[in-house]
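As written, the chain order gives the labels A, B, C, D, E and F, with residue 1 at the start of each chain.
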């Protein structure tokens, strides 16, 4: 088993993708933040008016996805062609589930961009609610699906 | 209940901390990544030599914590005075638990910096292992403790 | 007349503020974007629901203000303690006026941060409406007031 | 009328350009800063020697244009192939007019990059002259022309 | 002789590469840091265990190379497809030589990215050893070779 | 000998400076770029007019110094209070020597900021001259002096 980011001297390396095919690639990731019922209500009542907690999270999520190659040391800079988000309100469990879908025409996948978008979006929800509840937990950040590239598709 | 980041017109706002006391503040956050046994082994065998997966994660974690105010829209820029990390190897569950502790002498807390450090570190582990296992899940990113500031300490 | 950013060899310089007093400083800037009636209506009808054009602008404005020292070559990095925005809807002239107020306890003023916040916020409105109207004009970006610091206050 | 940056739940989105044609695109924007006669003279006398106010503005303008996708939330990262600037000295009105032309071979336009370049350049002039004149006004930031892309050309 | 970055008014400009051919380009740069024998030993004894000084330098080098277009004013943003490093331990002269190789399929060369990677990597070694030795010297940062592009190859 | 950036598990760490005294600190670094006589002449003839190669380098140097904590993994974010540069023209050896002096009131030294400023400035000269000469060498980046802090002053 060879870790693809490690060269023969065991130094990290940004792997060579120059020979990989330029194809349409897509990745979807998701994650959840569980909050107190008080915090959940605060978001809901607010979003009944103008919803800025979730709006702010969506914007942070998109901007965060664009920063991936600057934050994850071995990620390639990429020309993302689309970033879309969705937020599910899981009322019974007082949670929000954030989905991020990223598209690219390029030589490497966009899993990390989708995962980063989810992470930054959920952290933003945490930030905007932490005056009410510091015990919130971010859970299940995971890749949902991946299309394109020679290694085949992935679906959880 | 007033969400502290929302002003009276319901626009997000970077709240005024200018009257808050300058004190020593500290926050500890943690999070876990569950990986396949194959991926776990790859890290371990590697770290038996030079361990660059976890080293890279630690470095990304520290650098990511420093980027918090640029990624989380309403966070204040802060002069962090210390960032430390620890990684627990949870062999039985094939998981790594990353701890990040951040310190500051300043006017607002460093919870977000610790949470961001954990997130970026775990995403880096994901990135460096995703050639082996795309199904890894990031879990339980949470604040462990917080000290300093007028709202009192927090301990999970 | 000596331009304060130029040293004796006429090279730009980041002027020395180390001897300046640490005081509370505040700056307010404003600016206007004039749009077509069609674009104006699009924002209004939308903001009657969830208003994301202006919400996005407000968030971009705050995040942009935090980037000032990285964009304006001779600006000092600053620990901003508050950023607030307001948007006036100038219905008769089909325009939006964005106000940004920035606060700091520090050794130099925050005029540039307020001006940058206004600029990035207005550009964001332009971006989100440009599919409807490319002829929009950004106008009258200006300092409204400034408080604190040894040179005295400024009020337009 | 559908705002192209808003998805069906009214969340902002980075629109999908993956099906758009890869063409040569160009955008020119301009803007003006009106300054006091004293400030104008300071620039001129200086630029008679080495001109660093305007040189600094030009450099900031080019660097700022490259930051567009990080500052404007829904902008795509782009591989700009050229950025050129020009400064007109409007002696009668004590003003400087900054032009920025941006080129790209890509799938979406570069209007925002040209507008951002103008804004950051003018703000830099403000910064370097604000010790002399705090009342300067930035005006008429606008798109002058746009070429390429399926929506046709634009000329003011 | 015309400096390619200067336009006719002698303002810097990001030169137009839109007509240049899209080819595979590669650049290799190197540089050296000379340290005290005490500092050299500290790295070696450490790298006998887990080597984090050099690991940290390698990671910083790769991340720094990705920042080139944000740091060097007239550099184009580029989609780097590979970044590899190597560190030679020059035991007799108590020095480390860092090599960085960058690859791109694109319209302009990657010399600056390789040079920037070397610089940031060596500065990181300096940072991590400066508690032991402040007199270390960084030397001979230079282009080793360059391939691709119409101007032909370069080999030192 | 304990490397101060390494914790007990040999992970890098951003060392705790929260107990260090807040003092005035200053660091001066320098470095040299040796160029061909043709390149040297190009700069000189140009700087006889408006000198933009060296002006661009000076601006890049100052902006680069401000980026230090984002590029060097274990560096603390700092509120630099002054950055000044000087360029010596070493006509006999066809070289330019860049000096950068950084000041801070804070808890840790600014050596890295001065060294980074020198590096980015010299790389900018390389970039702007590389169409004429690819063989230029950057040499002798070193700390010249350091004042403030409990470890005493340093002078080369």
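The criterion applied here is as follows: a contact is a pair of C-beta atoms (placed from the backbone, for glycine too) under 8 Å apart; a residue touches a chain by one contact, two chains touch by 3 or more.
The shown structure was predicted, so the numbers you read here are calculated from the model rather than taken from an experiment.
Undergrad: Chain A and chain E are the same sequence; what rotation (0 to 180°, nearest 5) superposes their CA atoms?
TA: 120
Undergrad: Scan A-E, B-C or A-B for the interface that duplicates C-D, counting it as a duplicate when over half of the contact pairs agree by residue number.
TA: Interface equivalent to C-D: A-B.
Undergrad: Taking each chain's centre as the mean position of its Cα atoms, how many Å separate chain C from chain F?
TA: Here the centre of chain F sits 31 Å away from the centre of chain C.
Undergrad: Give, as an integer number of Å, the spacing between the C-alpha centres of chain C and chain A.
TA: 30
Undergrad: Where in chain A do residues touch two or more of the other chains?
TA: Chain A, residues with two or more chain partners: 11-12, 50, 52, 55-56, 59-60, 63, 67, 70, 73-74, 77-79.
Undergrad: Throw together a list of every chain pair that touches.
TA: Listed by label, chains in contact pair as A-B, A-C, A-D, A-E, B-C, B-E, B-F, C-D, C-F, D-E, D-F, E-F.
Undergrad: Can you name the residues of chain D that touch chain E in the complex?
TA: Per the stated touch rule, the residues are 24, 54-55, 58-59, 62-63, 66-67, 77-87, 103-105.
Undergrad: What part of chain A is in contact with chain B in the complex they form?
TA: Its residues touching chain B are 1, 3-6, 10-12, 31, 38, 41-42, 46, 49-50, 52-53, 56, 59-60, 63-64, 67, 70-75, 111-112, 115-116, 119-120, 122-124, 126-132, 134-143, 146, 154, 156.
Undergrad: Over in the complex, which chain B residues touch chain C? Could you list them?
TA: Going through chain B, the ones touching chain C are 7, 9, 11-18, 69-70, 73-74, 76-79, 106-107.
Undergrad: Considering the complex alone, what residue numbers of chain A touch chain C?
TA: Those residues of chain A that touch chain C are 50-52, 55-56, 59-60, 63.
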